[in-house]
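What follows is a short report on a single structure.
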Amino acid sequence: MAVNRLPRPRSLAEMRASWRLSTGAVVMGAIACLVAGWLITKAAGDFGLFVTVTINGLTLAALFFVVASGFTLIFGLMRTINMAHGSLYLLGGYIAFELQASWFADEPEGLDISIGQSAGDTEYGLLGWVVPLLIAALAMGLLGILIHQTLLRWNQGQELRQALITIAIVIILADQMLAHFGGIARDIKTPTSWPGSVEIPLASGGIGFIRIVVLGVALLVGASLWAMIKKTRFGLITRAGVDDRDMVSALGINIPLVFAGAFFIGAFLAGLGGVLGGTMLSLQPGEDTRLLLTSLVVVIIGGMGSLGGAAVGALALGLVQAYAGAFLRFGDTDLTNYAILLTFGLVVAVLAVRPHGLFGRPA
Amino acid sequence: MTSVRTGRLSPAAWAGVSLTLIVLLLAPVIFSDFFYGVLLTRALWLGLVAMSVIFLASYGGMVSLAQVGLFGVAGFTMANLVAADGGLPAEIDPWLAVIAGLVAAVVVGLIFGAIAARSEGIYFLMITLAFGVMVFYFFGQVTQLSGHGGVNNIEVPSIIGDRVTDPAPLYYICLGVSAIAFLGVRYLARTPFGLSLQGIRDDPTRMRALGYHVTLHRMVAFGFAALIAAAAGILSVWYNRRIGPGSVNLGEVIDVLVIAVIGGLYRLQGAWVGAVAFVLLDNYSRSWTPDIGTVLGPDRFNTLLGLIFLAIVLVSPGGLVGLWERARDWLRAQFGRQAARDGPGGPPRAGPGGEEGDPGPVAAADRPTA
Amino acid sequence: MTERNQRRRWRKVLLVAALVPLVALFIGACGGDDDNGDDEAAENGEASSEPVRIGFLSTCEGAFGAFYEPTAGGFNVPLINRGATAVSEVPTDGIEGGEIAGRPIEVVGYGCSDETPDVAVEEARRLVEQEDADVLIGPLSGDEGIAIANYAKEQPDKTFINGASGAQDTTLHVQAPNFFRFHTDGAQWSAGVGDYAHNELGWDTAVTIGDDYSFPYTSVGGFIADFCGVGGDVVERLWPPLGESDYTSFIAQIPDNVDGIYVGIGGEGLIAFIQQYLDQKGQINPDEMIGNLFVDDPLVLEEIGNRVIGVTTSGNTAGDSTDPEVEEYVAQIDAVYPEVAELAASVFVYHYYTAVEAMAQAIEEVDGNLEDADAFHEALSNIELSGVDAAYGDVTLDENRQAISDNYIKQVVEGPDGPTVQTIARIPGVEQSFGGVFTSETPPPDRQNPPCEEVDLPWEGQSEPVDFSE
């Protein structure tokens, strides 16, 4: 959401910072070359595997983008860190799971539901996935508005307090979800009409079709958000509100309504992400904090408030995770279990050079 | 910009402070073994970590979520260097290991500080959270140093003995370290470093214009907070005789934040007030939580904790200590017209265990206004 | 200051001075009533009317939180068999009444941890030190068990019996003299399946995959000890980091030319793993996959059962057993907790049941005298469970107070009500060391251990075919 600004003369601090940037950039460039070289060697070794892993990384990045874009939208506009973003993700997923199991399961005759919902042989039509998806995302959007209006609207500007309030919500929601949905992992089912696995040319092994769907949804989300921000009046007001909230208010525009709308969109995206992730990965306690941390990492890398940054951050995170999981081996040494650690190393590396993320701006 | 106010306690405050001290010193006599040896001791070192958070928040203006990570670095370093099940095979003198642990945490703290100090406000919060989580993953995945199972059966210095038969030595050590840390921070606040740190908290631009190296000050403050957190880490390892990634996971980070906020994010003593409240709640809520359908019950003590936390954040951002101060001010207003007598400077701030010279709430959007 | 204001100030001082000690005394009174009770009982020595205080520790948060009530059900039933009555259908609401060796039963608390060892030890402390439990039954998950076993060493006069945690080290390395485990450990749950893979399914090479933490290390370790012991070769061991729910990078590394894969993924990730495996490989060839005991756990089968039909698994319970002892065991649970009875074959329910049954028998053995801790521990070490008390196989303890019992090889099959488990073989008398592969001197199972070596497995070729479907 970069806004056009008149260039202004650079201060001494900025000039010094940019000089620091260039040494940092040199170091980063060197690391990037090493990484590229290592990937090329691995690709040359087994190209099919490389393609499979890359596509898996891209689709994982797509999921991360959907979730993180909502997070960064809320922050960019309202300076609110919504720590409950991951909880909305998980709750949205659970709601979709429940809806699917209770409304749409077409069971072959004679199936006795013994313990809870039996996922055994049920079949699902396309609606059985799409309708729960939309309802769950909408529900999360509305919940987001509720949270914003009751708990966050009146302390706008007190960022720390808002962060603490949303942390309290995380604690409560996590416990309640555990109580109501249990601890066992849940899996949202794809429509039976979809192929389970698709063959991609050049790849060894198949790719889950759902991952392609997720990729498509992410592209759609990205395009829609970009269009909304650049082309619509709402987006225009949003951008103006980011720059100067008081002036926008003085111009008679209903800023609280804009904020509510933005929070709705952010929470909607979290819920949407939850359904996608619940289908592609799984739903279980712990996913809420995992996805919150993921969003955090993506947004730290990409820069808070920047949609393009969220895309770049998501790509970086998804690819690093995928490549590290497969290729972090040097001869006989297997370091693949350090994949998660590497992603955090990435965060530190980016921050050391650009304290506000790649495309972020100081507050 | 706040100024240092001379420390002058009212008689009420003196009574409160001395009584608290007497109770704490005589705890092994007054309370049961379990209460002081398990609950109070745990509250002491938890309070110490929380105080490192509060120190950075109130004196440095930075809310850090990396303190638990630094607490872990110290604990794991020490655990690996002494005789234990798991971790490195090294077996050095426990006291040397303590020093190694403190040093390691301070070094890591300075590195984190160097990276994070250029960010402010909410960015700082997020970055320190990432650091804290990184420490968790690091120790969870490097099996040579810990792995998922952690380091068990850690040897403790002989002075501590057997915590079960005689919890008193460990209790007094925790009490002593907490007191030293508390007084140390109070003293630091009056040194030139402490004063410039508070200045940076209030107005970094002006301080920069005056020639102060803002980033360096913040970095050093972070290192000092790391030292406090490291001490807490050592104490926690002596208390548990084990340490694992579960000791520094996201749940612990949030618990420490909850403690700091419940106690009072801008009062040092709030750390221990919050810690005692948390430990008591954690312990007794498992049996006493009322049953409300499936929403509340003894298993749902986390919901209860979250609700209490939410209530405190909404109602009294100054935490329990802030609540106390408001109540006390209100009582004072009822009992006499002290406000008119004392003039526009406001009444001398005092409270149990409290003392003037604490930075009062400063008029910025985030500070709790009493 | 004026007279009046001075008086006001002193009034406030007195108010504070009065309140604080009152508060302190109040807290002291609440905290201070715990350390008096035992002295009288110690004087009595013999069976007194002092209750037997039992603590229960399980997991109510995290992935295994769903097993909290079932484990409590398994815990309660042996006490109900001795005269207690259940307060309600919810096991953790507790029990009332009952006697063991003439002493009333008192369950001091149902403790709950979140799978982290620190919280487990805190709960243990609360139950043992504050609530003064004589015996603690628990915990549920692997790493907690090691921490509790270490804690047991701090409390030599108390007794600790494992709940369901399967980490090998808990008994093999920690060796606390007052910590007992009346069920087999995670490695023992893989006993015989390597033999089956090599000699029945014809596997010469295998790949293992498991999450990067102790329970998968143990169950994969058991498979490797078994499979390599009979001559197989494990060519690759994959360890996705714990907390990773995207296994695709690791699935992609599974070579196409191995004879089979052993899946040691813990319960949380298994569902995601199976789905992603299907997505990438297109299908599961059941003769080429063996899973650990999570595969056939009822709650997991519910989610993924129809995708793993034909896959082999192993564990120390046989869900389809028609032995009269098993039916009686299930009936006992069904009489009180029908919902738990459906999960009676789950290791979680069964292990807590055997733990409490063993404890009760040992208390009866010493006539209720728990004050002589050494005698009580001696009695526990000599307990042998059989019949309905250990419906899935007789249990005896070895010198580390670790159970020696039977193991079963099973397959997931299509049943009338959905996917279910069919037992195909039993391996009797599995002991912890796998014929010397695992001793207190060998390194605990981890990413590289145990090494893949041929050994003399005590049960090679000893498996007895079993067919419960008549």
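The chains carry the letters A, B and C, assigned in the order they are written, with residues numbered from 1 in each.
Keep this in mind: a residue touches a chain if its C-beta (ideal position, glycine included) is under 8 Å from a C-beta of that chain, and two chains touch if they have at least 3 such contacts.
Model, not experiment: these values are computed from the prediction.
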item: Contact graph of the chains (line, ring, star, complete, other); value: complete
item: Of A-B and A-C, whichever chain pair has more C-beta contact pairs; value: A-C
item: Interchain centroid distance [CA atoms averaged], chain A/chain C, Å; value: 36
item: Centroid spacing, where centroids are CA-atom means, of chain A and chain B in whole angstrom; value: 32
item: Per-residue overlap in chain C, given as positions that touch at least 2 other chains; value: 61, 212, 241, 243, 447
item: Residue list for chain B, restricted to those that touch at least two other chains; value: 137, 141, 299, 302
item: Junction residues of chain A, two or more chains touched; value: 337-338, 340
item: Contact footprint of chain B on chain A as seen in their complex; value: 75, 79, 81, 151, 157-161, 163-165, 167-172, 174-176, 179-180, 289, 293, 296-297, 299-300, 304, 337-338, 340-341, 344-345, 347-348, 351-352, 355-356, 362-363
item: Residues of chain C touching chain B in the complex; value: 5, 8-13, 16-17, 20-21, 24-25, 27-28, 30-35, 60-61, 68, 92, 109-112, 114-119, 121, 123, 125-126, 129-130, 142-143, 146-147, 150, 153-155, 167, 169, 173-174, 212-214, 241-243, 446-447
item: Contacting residues of chain B [partner chain C, same complex]; value: 10-12, 15-16, 19-20, 23, 30-39, 85, 137, 140-141, 143, 147-150, 152-153, 162-164, 240-242, 244, 246-247, 249, 251, 283, 286-287, 298-299, 302, 331, 335-336, 352
item: In the complex, chain A residues that touch chain C; value: 49, 52-53, 56-57, 60, 111-112, 114-121, 178, 182-187, 196-197, 204-211, 281-282, 284-287, 290, 321-326, 334, 336-340
item: Of all residues in chain B, those that touch chain A in their complex; value: 63, 115-116, 118-123, 125-127, 129-131, 133-134, 137-138, 141-142, 250, 254, 257-258, 261, 294-295, 299-300, 302-303, 305-307, 309-310, 313-314, 317, 365-366
